[in-house]
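In what follows, structures are represented as C-alpha cells.
Shared between the two complexes below is chain A, which has chain B as its partner in the first and chain C in the second.
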Partner chain A sequence: MTRYFLVLLMALLMPAAPILAQDGGPLRIEITEGVIEPLPYAVPDFVADSVSGREYARQITAVVASDLNGTGLFRQIPSDAHIARVTSFSSPIQFSDWKAINAQALITGAVSVDDVGKLVVQFRLYDIFAGQEIGQGLQFVGTQEGWRRMAHKVADQVYSRLTGETPYFDSRVVFISETGPKDARQKRLAIMDYDGANVTYLTDSQSLVLAPRFSPNGDRVLYTSYESGHPRIYVLDVASAGRRVLETREGSMSFSPRFAPDGRTVVYSLTQGGNTDLFAMDIASGRSQRLTTSPAIETAPSFSPDGRHIVFESDRSGTPQLYIMPATGGEATRISFGQGRYGTPVWSPRGDLIAFTKQSKGRFHIGVMRTDGSEERLLTASFLDEGPTWSPNGRVIMFTRETQGAQGISGLYSVDITGRNLRPVQTPTGASDPSWSPLQD
Partner chain B sequence: MSYLSKAFLVAAALSLAACSGAGRFDDTSAGAAGYAGTAQDPSSPLYFQQTVGDRVLFTVDQSNLTREAMAILDGQAQWLMQNAGFNVVIEGHADEQGTREYNLALGARRANAVREYLVSKGVAASRLDTVSYGKERPLEICSEEACYAKNRRAVTVVSAGGLS
Partner chain C sequence: MNTGQIISAAGHAGLILWAVLGGAFDTDPQPYEVTQVTAISAEDYAALIAADRAPDAVANVDTPDPPEAGAAPSLSSEADTPPEQSQPPATETAEPDPVPEPPEATPPEAEVSDAPPVQPSPPEETAVLVPEISERPQPRPAPRVAPEPVARPEPDVQIDDVDRVETAPDDSPEVVEQDSQETAREEAATRIVTEAEKAAAAAPAWSLRPRTRPAPRPEPESTVTAQQPAQETTPQVDDAAVDDAVAAALAAAGAGTGDTGTPAGPPLTAGEKDALRVAVQQCWNVGSLSSEALATTVVVTVSMSEDGRPEADSIRMTSYSGGSADAADRAFAAARRAIIRCGTNGYDLPFEKYEQWRNIEMTFNPERMRIK
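Showing the complex of A and B:
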C-alpha cells in the first residue's frame, strides 16, 4: 500500500523530474523519455449470481478498467493472461498466481440484483506483492439504470486508494454539441458523463449557444444564447432543464459567465457601446456591480477557489494577457509575460495553478502556470486548442481542439497536467466548450 | 467579392439567428421575412447591399476603420438618411484566430466602430442596433488569410421595419 501510494504520488506531483528506478524493491517505475511505466493491474470480470447480473458485471468491469486505463497511470493485464480465476467474491486470493503475471494490484468484484430490483456492486482491492487487501471492501447500491455511475464509483475508490489523490470519474461534462459545416454550424447545449457516455441535449439548435459553465455543486449551468437576437447569459437548472435569462440590459450583450464558489454570484463580460468590461451579479436579486472600467476588452473571468480573487483576460497592454484582481474589482496584476497572446484563464480547484489558452507563432496551446505567472508549462500544441476546464481533482484538463481548413471540426480532448496522456473524448457529434462538473455525491 | 454573386434577401438579425436550416450563414433566403425589392430600385435593401455595399473589412485584431471602409460607410449613411423607414443591425465578426470570448468582444468593437461612424454622419442612433458573432459565423471557411480577411467584417443588415 505505502509503496504504491508513494511512487504513484511522486509520479503525479513531480512530472518534470524523472523518477529513478528503485533497486531491489518490487515496484519499479521506469521513465523512458519522460513517460512513466504505468502500474500493471488485473480486474477479472466481476462475479454475478444471475444472468441479468452477469451482463451488468461484464459492463461494469469494462467501465472500471476504462476509467483506470484512461488515466495513463495504470496498465490492465488482459484476462487471457490471467492464471487464477475468481469465481467467488469471498474466496481467498491466490497471490502467487497474480504475482506470476506481474500484476501489482488486483480488483475483484461482485454484482447482483436484489429483491426490489436494485443493483448491488461490491469490490475489493489487493496489493499483490504485499499479499494483502488495500483498504476495506465496499458495496454500492443503486438503480439498474445507474450502473455506469456505480462503475465510476468503484474506479474512483481504486484511483484514490492507489494514488492518494481525490478522484474524478463520477462526474459530468456540459458542452456544446456541433453539427454541420463550418459556415452553417448548428450548436446545442448538451451534457454527458465525463467519459462521453449518456449524452443528453438541453437545448435545440434553433439558437446559437456558447460556453456553458457548471455551478460549484453541479445543479445549474450558465451559458450564452442568441435566442433574443443578442448574446445573453442564461442560467439553466440541470434537473428540470428550466432556464431564465440573467442580464437583459437594453443595447448590451453579455457573455463569458462563470459562477463564484458560493454559487450565488456570477462574474461575466458585459459589452456596452463596443466596450467589454467585467461585472458581477447576485443571481437572487439580479443586482450587478461593475468590476473593471478600462476601455480595453476584459473577458473570460474565473474565481479563485476561495472566492477572493478573479483571474481574467484583458488587452489593456495591447495584446490579450492574464491579470488577477480582487473579487470586488480594483487594481489588477498582470501575470502572463511570455511571448504570445493569453486567454481563457481558469483557476484550478486546488488553487495552485491557472490553466489558459496561449496563441503563439500561429499555433494554439493549452498551458498551466502558477498563480504568480511563474513556471509556465505548455501541455498541448495544435492549429487551434482553447477553453480548458479542470477535472474535479485538478489533475486533468479537458479542452476544445478544432482542426484546420474548410473541413475543420471541433472535438474534446483531455490531457494530464503533466502534459502526458493526451487523448480524445468520444462524443457522438462535434463538440466544444467543455465544462467539468464537481464529483457527484 | 464573391458574396455579391449569391442570391440575397435581407432579413433582420433575429430571423437569421432563428434560421434552423443548414443554409450558409450568408444565405438568409431561408429565413427572410423582410422586403428586399430589386437591385434596380435605389430604395431597396437589395440595392443597399449590392450597390452601396453592406460590409466593411478589418485588419487583424483591429477595429479602426480603413479609408476604404469609411468610403463605403459614407454611402451607407447617405442611403440610410434617404430611406428613413429602414432600421439597421450591424453585425460584427472576427476570423477564427483567437479565443471565442476575445473574438466576441472584438466583433462588438467592430460593430460599434461602424455604428459610431454612421451616427457621426447623421444617422439617428435609435435606428442602429449592434450584435457580435465573434468567430461563430464565418463566411469563408478556409484556414488561410484569404478567408480570414473576408471574415473580419462588419455587415450592415437593413430591415424593412415600417415597410413590410
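Showing the complex of A and C:
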C-alpha cells in the first residue's frame, strides 16, 4: 500500500519537475543576430635586438598593420592608447591591460639580423578575452631586401588565424601602367605587390599593351600587344622578362587570353573574316582548337578552377551576356538575365562566384553572381568600372575605375565581396587591367 | 328552478339593469364649438342696413323767404367789360438746361494692350527621371552592422555599449551623483550597403535567396542516451527505481533552495531569456569570420558565477554543424569572445533563479548574418 501511495505521490509531483528544472538540462538560448564590425586589435612595435633591426621592426610592424587594416575586417588600436608595453618578445602578456582597452587580439613580434646578415622576424598572436595564444609563434628568415614580403607573411598568418580564410597579402598584381592624356595615352606592362609597392615595368611604352593575365603559379604573364600593328598574344616570363608570341592564324587578330588552371592551355578570342570566336591553344605544341562557332562576338573567356568549364561573354542574344560552356566547347548556357550589358566574367578561385562588369542605365558596375546566375549582387557603381580580378583567396576583387572627362584617369580599386571596404590601390601612375597573382611561395 | 338558474337569472337581470341605468348604451357627444351670439331687434337691424344706403330727399325742409321787391336795379348798358384777361406775365423762360456736352470720348486708358501680357514665368521645368517605382528609404551605410540601426553619434561622444547622458558636478549639495562622461552606441546600419545600392534610386535588383529551414538543433548525446532507455523499458514497478524517482521528484519539487543553498526559483521568463540573448548578441562580432565560419553553427556551454559573470575556463564547444573543424574553431572563438566581453560586468540575471542559469547552453547560428 505504501508503495502505491509513493507512486501516486510521485505522479503528482513529476509534472512540476521538468518546469522547475528547465527540461532537466542547462538553460538554452539561441543567438542568431550579431554585429558586423572590424575586430579591434593591438600591434605594438616589434621588439628589435639591435639598432639595425630597429628600423626594420618599425617598418614591418607598419606593413603588418596596413595589411590587416586594409581588409576592413580589423581595426588597429593606436599605440598611444596602450596601457602595457611590450619590451621583450618572451615576456608574459598582461591580458587585463589589453582587455581594458578592448583589444580582442594582440600581435607581438621581434626582429633581428643574424650573423650572416639575414633578417629574422618572429611573431605571436593572442586572443585577449580567451587569455591564450592563437596557434604557435612563427619565425621567418629572409634577406633584408625582402623585409616587405616577410611582413606580408606575418600578416597572412594573423589574417588566416583570426578569420579562417586563406591569406592573400603575399601576392602580386600585374597591370597596365598609363600615362598621358586619354587621346595620347602611353601604356606599359607593370607588376607590383598587391598593395602597390615595388612597382616594376616589364615593357616599354613603344606599343600598346592590353589585358595581362597571370599564369596559375604566377611565373608567366599573358598579354595582348599591338607591336606588330594588330593585336597578338605574348607570353612573358616574369623572372627573366623574356617573351614570345603565341602564333595564331595569319591575317587574324587574337586577344583576351587566359590560362587554363593546368597552365598548359590558353583560351583566347580570335577574329577572322569579321567573326570573333573562342579558341584554345596548347602552348607547347601550338595547336589550336575552335570552341565556338557562333556568328556573334565571343570573348573574355575564363576557366572554372577545376578547368571543366569556361564562362565567357557573347552577344548572340542581341546584347552582351554571360554564358557557360564545357572547356572543350559545346552547347553554352546563358547565366545573366538582368537588365543591361554584361562582360569580362572571371571565375572565383573558390569556384562559387563569378565576377563581372555590368553596364546599366548609364553606369558601370562590378558585381558577383552564383555560377548559375542567381544571387546577382552589384558591389560598385561609377562612371566606368571594369575588368575585375580575384584575390587568391576569392575574398576581394580588384578592378579598374576611370574618371569622367578628357583629363580623366584610370586607377585600381579593391572591394570586399560583401560590398564593403571599397578603397583605391595606390599606384605611381594611372593603372588599369589588373590581374592578381596566386599566393607566392 | 334550481339555485343555479336563480343566480344566473339574477345576474343577468342585474347586468341588464346596470347597462340600462348605468348608461352603457349612451354614446359620448361629439365635440362642438361654442360661439357667443347676441340677439338684435328688427329696428336695430334696419338701422344697420340704412347706414349703408344713399340718403333720401327730405321733403319737409323749409324754403327760405324770397327777398322783398324794392327798386328795381338799374340796368346798365355798358357792356360788361370783359374781364381782362390778363395774360399772366410770361414767366421767364428758363434757359434751357445746357445740353450736357457729351463727354469727350477720350479713349480710356487701354487696360489691354496689344502687347501680349507678360505671364509670370513659371518655374523652369527640369527634366526629372521618374523612378520606375517609388523610392525606398535607403539605409545609410555605416561601418558597423547590427540588429538595431544606430544614428551617428556626436564626434566628441565616447563610443560605448549604452547611451549615457553626460553629468556634471552640481552645486546643490543634496544630490550626490557620480560624474560620468556622455557616451553613445557606435553608429550602425542593419545591413551592408554597397556603393551600387547607395546610388540606386529604386528597389534593389536582387533579393536574398529564401532561407533554408534551420537545421534541427543537435541534442546533446547525454540527453538522447538518457531518454532511449525510458522509452524501451516496460512499466514494471521496481522498488529501487521508485525510491530514486521519488527522491528526485521530491528534490525537484522542493527546489526552493538548491543543493548548494542557493535559490533555484522558477524558470526564467521569456523576457529574461531574451534579455540574456540580446546582451550576448551585442558582442557577437562575425565581421572578421571567413565565409565557411559564417556557415558554421556552434553550440557552446558556459558556467556562470552567482554574480552573472561567465567563467571563462568553463566555456566549451559541445558540437558544431555546417563547416569544417577549422571553421568551427573560428566560430567558437567569436562566440567565446562574445560571452566573455559582454559578461565582464555580469549579465542581468535574477539571482533568485541562479540554479536555472548556472549552466547555459548557447547556440550561435550565423545563418542570418551571412549577407547582411
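Throughout what follows, the second predicted complex is superposed on the first by the 405 of 441 C-alpha atoms of A that agree within 3 Å, B and C clash if a C-alpha of one lies under 4 Å from a C-alpha of the other, contacts with A are read in each partner's own complex, and residues count from 1 in each chain.
Going forward, contacts are C-beta pairs under 8 Å (C-beta built on N, C-alpha and C of every residue); 3 or more make two chains touch, one makes a residue touch a chain.
Owing to the predicted nature of the structure, the values given are computational and were not obtained by experimental measurement.
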#### Entry: chain B versus chain C as contact partner of A:214, first or second or both or neither
neither
### Query
Does chain B (first) or chain C (second) touch A:231, or do both, or does neither?
first
### Query
Of the two partner chains, chain B (first) and chain C (second), which one does A:363 touch, if any: first, second, both, or neither?
second
### Task
Considering only the touch criterion stated at the top, classify A:419 as touching first (chain B), second (chain C), both, or neither.
second
#### Entry: Partner chain in contact with A:381 - chain B first, chain C second, else both or neither
second
### Task
Within their complex, state which residues of chain A touch chain C.
3, 6-7, 9-10, 13-14, 16-17, 19-22, 25-39, 73-74, 99, 104, 127, 129-131, 134, 162-165, 338-339, 350, 363, 365, 367, 374-382, 395, 415, 418-420, 422
### Query
In their shared complex, at which residues does chain B touch chain A?
12-14, 17-18, 20, 22-26, 63, 89, 96-102, 104-106, 108-109, 111-113, 115-116, 129-133, 136-143
### Query
For chain C, which residues count as touching chain A in their complex?
143-147, 186, 188, 192-200, 205-206, 208-209, 217, 220, 223, 237, 239, 242-243, 245-246, 248-250, 252-253, 255, 264, 266-268, 273, 276-277, 280-293, 301, 312, 326-327, 329-330, 333, 335-338, 340-341, 344, 356-369, 371-372
### Of chain A, residues touching chain B in the complex
180-186, 204-208, 210-211, 226-227, 229-231, 251, 253, 255-256, 269, 271, 273-276, 297, 299-300, 313, 315, 320, 341, 343-344, 357, 359, 383-384, 386-387, 402, 404-406, 408, 433
